[in-house]
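So, here come the structures, one by one.
Note that chain A is present in both complexes that follow, paired respectively with chain B and with chain C.
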Partner chain A sequence: VYQVFESVAKKYDVMNDSMTLGIHRVWKDILVHKMNPSPGTLLLDVAGGTGDIAFRFINYVRSVRERQLQRKLRHHQNLSWQEISESYQEDKSKSLGDSQVVVCDINKEMLKVGKQKAQHLGYSEGLSWVLGNAEELPFDDDMFDVYTIAFGIRNVTRIDLALQEAYRVLKPGGRFLCLEFSHVNNPLLSRLYDLYSFQVIPVLGEVIAGDWKSYQYLVESIRRFPPQEELKAMIEDVGFFKVDYQNLNSGIVAIHSGFKL
Partner chain B sequence: GRAPLSSAQPQGHGEEEEEEVEEEGEGCYQLYPGHIPTSPLQKVLLAAGSACMALYDPYRHDMVAVLGETTGCLALPSLRDKMKNHPEGYRILQERPRIRLSTLDMGRLRGLPDGTLGREYVRFLEDNKVSPDTRMPPKFVDDEELAYVIQRYREVHDLMHTLLGMPTNMLGEVVVKWFEAVQTGLPMCVLGAAFGPIRLSARKLQVLATELVPWAIRSGRSASCILNFYYEQRWGQPVESLREEIGIFPPP
Partner chain C sequence: VRCQLCPPQRALQASAVLRRASDEQKEPFASSSQQQSSSHATDHQPEQEPQGPRPSYTGQGGQESEDYESEEQLQHRILTAALEFVPEHGWTAEAIAEGAKTLGLSSAAAGMFHSDGSELILHFVSQCNTKLSELLEQEQKLVQLGEAEKKPTDQFLRDAVQARLRMLIPYIDKWPQALSILLLPHNIPSSLNLLTSMIDDIWHYAGDQSTDFNWYTRRAVLTGVYNTTELVMMQDSSPDFEDTWRFLENRIADAMNMGNTANQVQSTGEAVVQGLMGAAVTVSNAGTSRAGR
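This part shows the complex of A and B:
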C-alpha cells in the first residue's frame, strides 16, 4: 500500500477531481458540515495526507468564529472605546478560537504535498502534520474531540485495529467520523458504477498519472471493503455508541459516525 | 500485500488460474511480463486519452507508447508477417534480440572505425545524451509476439536516427516519424508525423516541408522493412553501405 501512495501522492488531487468529476469536494464538505465543529475543537484527521479535510475544518471553524465575533460586537454596541479595543486584541489572536487539527498520515510524500498545499493556500496556524500509522497512532489516550478518516480506512490492513486506536485517542464524548466508498444499493446504478470503475478509472490513472496498476488496485480495494452494516457493526464492536451511517449518492460513499461515551 | 480478489467479476470472465500472475481485474491471462489485458472499450479510451495527453504534454513519452500499442492492431500483424517472410527478419523473431546497455558492448562499438554502424550509433547516443534503456516496455498489446515486434520497433528507433542522420530535437524526431509512418503504417507514427510539426517554428517548417519530409517519404517507400535487419550483427558494416542495402537515400 505504501508504494501505491508514493507514486500516487503528487497527482492525488488531480486524479480525485478527474475520477469523481469534482464530486469528492462535495462529499468532504458534507463530512465537515456533519461534524459541525465549534471553535476550540481538536481534530485528528487520519490518512489525511493532502489536507482536504483539515483545510475545510479550518475554514468552517473560522467562519463560525467570525459569526461569533460579529454577534459579540453587536452585543457590545454600548461599550466605551477602551473596552472595545481590549476585546479586539483578545479576539484577534484567536481567529481559530484555539481549534487545532492534526493531520496524520503513514506516507511522507502525501504529507509533503499537504504541507505544500497549506503554504500555497495560506493556512498556517492550527495545523500540524504527523507521520503515523492508523493501526498504531503516536498519540496519548483521550486526546482528541473528533477523529476523522476520509477515504483512508479502506487502505488499512487491520480495520479493527484502526478503529480501536480511534477509540483510544478520542476523549470521552468524542466523535468518530469515517467517510469512505461503500456499497451501492441501487442495482442499475451499481452496474453503471462498476462499468465506470473498472473501465474508465484505470485508464484515467494511466493517462493522467502514468499508473494503471495503482488505480486498478484502488477500484478493487473499494469492492473488497465491508458494506455499510458490516462497518457499522465493526465500529460498535470497538465500543462506540450511537453508531450510524449516512449514504451519499445511493451508497457510492457513506459517512459512518460514532461516539465515545 | 494485496488480499486476493473475492467477488469482483467485472466482465464476466473466469478468474485467473496462474499463481505468479498479478490479478488484473479483467480475468484474462497475462501474456508477458508487464502485460495489462484490456477490454476493447478500455483500448478506445486509452487511445483517445493518450492522444490528447501526448499533444497536451509532449514530454509524456509513455503516452506516445500507449497510443502506439492501442492503435497498432492492424499495423503490427502486418509488420510481423513481413518479418516472418524475410530470412533475417524471421531469425530476429526467433532469437528475439534486445538492444540494451547491458547487452551492448559500448567499448567495442566505440572502437570500431568511423562510419561504421556501431561507431556512429554510439556517437549518436553520446551526442544526444540518450540511452536505449529508456524505451517503454509494451503493456497493452494482447499478443506476445506482437509485443516483441513493437518492442523491437522502439529499440530500433535510435538506429533509425543514426541511419537517417537526424538528431533528437523536435525537427529530427518529426522526420524520423515520417519515415517510420511510411515504413510501418503505425497510426501512432502517422499521428506523430502529422501533429509533431505543430510546435515547430516557421523556418523549420519550411525546411521540413521542402526538403526533409519528401526525402523521408521517398526513403521510406524505397527501403525494405527496417525491422528485417539484424543490426546487432552488422555493427561493423559502414553506415553508407547499410543505407544502400536497405534502400535509404543519403540525407540532405
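This part shows the complex of A and C:
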C-alpha cells in the first residue's frame, strides 16, 4: 500500500479529478457540510494526505466564524468606541476561533504534497501535518472533536483496529465520519460503474500518472471493501452510537457517521 | 461532577457519558460483565476485559439495559441544556453544540440532530406542554381537595392559555423563527400532534365530557384562539403583554358566546373567521403593507 501511494502522491489530485470527473469535490463538500463544524472544533483527518478535507474544514469554519462576528457586532450598537475596538481586535486575531485540523497520513510523500498545496493556497494557521498509522495513532485519548477518513479506510489492513483508534482519540460526544466508495444498489448503474471502473480508470492511470497497476489495485480494493451495512456493524461493534450512513450517487460513495457517547 | 470517572476506568469510556444520568456508582468491571451478554463482538471481549486502559470492545449490549441511560435520554439532556443558549444563538445547531459542551461532551455531538434546530424546538414545546399538564393537574387536585374554587370555563381557558403562552416569554425574541421552522413540511406532523394534544389536555381539565360533534368544534375553536393569541403576542410590546391577555379575554368571550348558538356548523365557520381576524390584527399591527391594501 505504501508504495502505491508513494508513486501516486504527486498526481493524486489530478487523477482524482479525472477519475471521478470532478465529482469527488462535491462529495468532500458534502462531507464537511454534514460535519457542520463550529469554531473551536478540533479535527483529525486521517489518511488525508493532500489536505482536501482539511482545507474545506478551514474554509467552512472561517465563514461560520465571520457570521458569528457579524452577529456580535450587530449587538454592539450601544457600546463605546473603546469597547468596540477592543472586542474587534480580540476577535480579529481568532479568525478561525481556535479551530484546528491535524492531518495524519502514513505516507511522507502525500504529506509533502499537502504541505505544498497549503502554502500555495495560502493556508497558514490551524493546520498540522503528522506522520502516523491509522491502526496506531500517535495521539492521546479523548483529544479530538471530529475524526474523518476520506477515501482512506479501504487502504487500511485492519479496519477494526483503525476504528478502535478512532474511538480512542475522540472526545466523549465526538463524531466519526467516513467517506468511502461503497456498494451500488442500483443494478443498471452498477453495470455501468463496473464497466467504467475496470475499463476506463486503469487506462487513465496509465495515461496521466504512468501507472496502470496502482489504479488497477484501486479499483479492486473498492470491490473488496465491505458494503454499507457491514461497515455500519463494524463501527457499532467498536462502541459508536447512532451509527448511520448516507449514500451519495446511489451508493457509489457513502458517508458513515457515528458518535462516541 | 462531570469527571468523576477518572482515567483508570477508561475501559468504559463508552458508557461513561451515558451512565452519568443514573448516578450509580457501580464497580466498572462488575458492570462491564453485564455487557458480556451482548451479541456483538463477542470474540474479543473475554481477553480484553481485564486490561483497563485498552479501549473496550464491548458493543451495544449495555445500551438498552435499565441501569444505563439510553441514547434518547442523553439527547433529551443535551436539548434541555441547549435551551439556555437559545436567547443568544437562536434555535440552531450552535445552541445545541453549546448545550452539549455544558454536559462535558464535544460540540460535535450536535451532529446527532437535524441542522435546522427542529428537534430543539419540538423538545421545548413538548416540555412546555408537560409543564402545563402538571400545572392543570395540580389545580385540579386543589379543587378536589376543596382548597380552591372550580373556575368558570372561560376563566379556566383564559388562565390555561395564558400560563402556556407565558412559558414562551424567555424565548420570545427567537420564537417567530421557531414558528416558521415548525411550519416546515417535515415538522408539521410532529408540531400539529403536540398542538392538538395540548389543546385536548386543556379541554380535559376544563371538564369537557362531551363525546358528540361538539368535540371537534371546541378543539377547533380553542386551537384558533391559541394560535391567534400566540401571533398577537409576537407583536406585543406592551408591559407584561397586557394587550395580548386582553385580546385573549375577548376571543374567549366570543368563543363562549359562539357556543350558545344553535347552529354548530356556523360556529365552526366562525372559528375560521376568528383565525383570519386574529391574523389580520397581527398583520396590521406589524405595519407591513400587504398586497391588496
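Simple rule for what comes next: the second predicted complex is superposed on the first by the 261 of 261 C-alpha atoms of A that agree within 3 Å, B and C clash if a C-alpha of one lies under 4 Å from a C-alpha of the other, contacts with A are read in each partner's own complex, and residues count from 1 in each chain.
Heads up, the rule we're going with is that a residue touches a chain if its C-beta (ideal position, glycine included) is under 8 Å from a C-beta of that chain, and two chains touch if they have at least 3 such contacts.
A quick note: this is a predicted structure, and the numbers were derived from the prediction, not measured.
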Report summary line: The answer to whether chain B or chain C touches more of chain A is C
Report task. Please work out whether A:N36 is in contact with chain B alone, chain C alone, both, or neither, and reply first, second, both or neither. Result -> second
Requested in this report: Determine, under the contact definition given at the top, whether A:Q216 touches first (chain B), second (chain C), both, or neither.
Outcome: first
Query raised in the report: Just chain B (first), just chain C (second), both, or neither: which does A:S99 touch?
Result: neither
Requested in this report: Could you look at A:R224 and tell me whether it touches chain B, chain C, both or neither (first, second, both, neither)?
Outcome: first
Requested in this report: Determine, under the contact definition given at the top, whether A:T148 touches first (chain B), second (chain C), both, or neither.
Outcome: neither
Report task. Kindly classify A:E206 by the partners it touches after superposition: chain B alone (first), chain C alone (second), both, or neither? Result -> first
Query raised in the report: Taking the superposition as given, does A:D194 touch the first partner, chain B, the second, chain C, both, or neither?
Result: first
Query raised in the report: For chain A, which residues belong to both interfaces, chain B and chain C?
Result: none
Query - Contact set on chain C toward chain A in their complex - result: 10, 13-14, 16-18, 40-41, 55-60, 63, 71, 74, 93-94, 97, 100, 103-112, 115
Query raised in the report: Okay, in this complex, where on chain B does chain A touch?
Result: 2-3, 5-8, 10-11, 22-25, 36, 39, 41-42, 45-46, 49-50, 52-53, 60, 62-63, 66, 139
Report task. Sort out for me which residues of chain A touch chain C in the complex. Result -> 34-38, 40-41, 141-142, 145-146, 164, 167-168, 170-175, 233, 236-239, 241-242, 257, 259-261
**Report entry** In the complex, chain A residues that touch chain B
**Finding:** 194, 197-200, 202-204, 206-208, 210, 212-213, 216-217, 219-220, 223-224
